[in-house]
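As structure tokens, the structure follows; a few thoughts come after it.
In order of appearance the chains are A, B, C and D, and numbering begins at 1 in each one.
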Amino acid sequence: MVEECDIEVRVRYCEADPMGYLHHSQYFVFMEMARTELLLRNGMRYRDCEKQGVFFVVVKAEIRYKSPARYDDSLRIHVRIARMTRARIEHEYHVYKDGRIIAEAATVLGCVGRDGRVQEIPESLRDDQPPGNT
Amino acid sequence: MVEECDIEVRVRYCEADPMGYLHHSQYFVFMEMARTELLLRNGMRYRDCEKQGVFFVVVKAEIRYKSPARYDDSLRIHVRIARMTRARIEHEYHVYKDGRIIAEAATVLGCVGRDGRVQEIPESLRDDQPPGNT
Amino acid sequence: MVEECDIEVRVRYCEADPMGYLHHSQYFVFMEMARTELLLRNGMRYRDCEKQGVFFVVVKAEIRYKSPARYDDSLRIHVRIARMTRARIEHEYHVYKDGRIIAEAATVLGCVGRDGRVQEIPESLRDDQPPGNT
Amino acid sequence: MVEECDIEVRVRYCEADPMGYLHHSQYFVFMEMARTELLLRNGMRYRDCEKQGVFFVVVKAEIRYKSPARYDDSLRIHVRIARMTRARIEHEYHVYKDGRIIAEAATVLGCVGRDGRVQEIPESLRDDQPPGNT
């Protein structure tokens, strides 16, 4: 199972605020894109998950902003699966600009069905099954 | 049938760009809010429309920006139904700041079903039925 | 000093995602609006702060999502100043839908100058000055 | 002078609305990104323009939506300079999905200074100077 990956994003004009800084809410969008990419590297497209009735919702998030990003800056988002249980995934993130960490974050996602109720993460997305048990 | 109305919106921090101006794409969000309000004054909530399988999609839009809006500005959006046919609604908009028009726009919406196919606007949303024919 | 307040917001169509839920990043926008309102009740408009070279940047944030909000839902955001030091303000938030808490959050803001460097929060925004010392 | 170019964008989760469609306001963001890329291919970064006191504001826009885009769709935005005068640039756009045009648009940008007043487009960004006159 691929447990970490990086994406590159460039800050769009409308994502920067009157102070000229990338708006703090936007980091969560970039982190979501990084999670999606990580899922893809594990052979799943999130939109296919949804078609199969598997949804992930953010249950908890925390972030520390160390220094700002600005319009047109190129950022690298590193995401890593820190922990996975039957119905939850914990990710950790580092946001880099010019090789320097500008933000650190963590999220907890819960797996839910179309009705919003908690359900188990499908085995195909978990790596905790015993070898030979795929 | 109520054919026009106004809404007030205040420009949010993240809606203004590094130039300090309300981003031009955001006017379309405000215009959508004005349409929703107009629908509501005619006794329909858009989310109920969707539950009934009645969706409106923007088919065409045009806008002229006359002067900018900035963070924290209070804007008034006036919307008016200019024309309604069996499957389309044309709206006209004026955006005011301190009583002065800062933008003028027009949209054409098409009525579609859950599958995205064109369908007739339900009679309850049209005013072209003969009197006594509700 | 006014230390807490509430704002009401209605979820816009474009703020809800394909799952039909208010996107998790959007809560931070609503929390910012609540902070701005709290500042206003204390006699300051944030845009005037900026004109005077006083900026507030989010240094840290955390949030727990308990249940989702949907398009057109009316939400109440309650914000409270939990702690204020020379250069930082800590806020706590509760997001309510139909009287029930759907999210809880906390942020730490730092006061910076136009150059992005940490500076003291102006006395007029603090309540820790001794009486008669305004 | 490079007069046209393409960019590729992938529709983000939060850019799609409850209907599952890319929100109509978001096309303007993608068109802005395409303009920025075109500028870059002509040797200018827009953020450097701004540092030099050269700003471009959207004066007029129009768009026709032919068919929807959805979350995770990959779109190609083609932009072309249709006309340039002393203080205005007209661009035309085609948005493609799987090789098919899903939207057509046009914008008029005006060149303004830091004070928002109309100014001439700097010669370095125009191609109307006689040969050998750079």
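Simple rule for what comes next: a contact is a pair of C-beta atoms (placed from the backbone, for glycine too) under 8 Å apart; a residue touches a chain by one contact, two chains touch by 3 or more.
The model shown is predicted, which means the values in this text are computed figures rather than measured ones.
Taking each chain's centre as the mean of its CA atoms, A is the chain most distant from subunit B. The interface with the greater number of C-beta contacts, when A-B is set against B-D, is B-D. One finds 29 Å separating the Cα centroids of subunit B and subunit C. Note: centroid distance subunit B to subunit D, computed from Cα atoms, is 24 Å. Centre to centre, using the average C-alpha position, subunit A and subunit B are separated by 34 Å. Shared contact sites, meaning residues of subunit A that touch two or more other chains, fall at 13-14, 18, 25-26, 29, 32, 70-71. By the touch rule above, subunit D contacts subunit C in their complex via residues 13-14, 16-18, 20, 23, 25-26, 70-71. Within the complex formed with subunit D, the residues of subunit A that make contact are 12-14, 29, 32-33, 36, 45-47, 70-72. Within the complex, the subunit C residues that touch subunit A are 18-19, 21, 24-26, 28-29, 32, 50, 55, 57-65, 68, 116.
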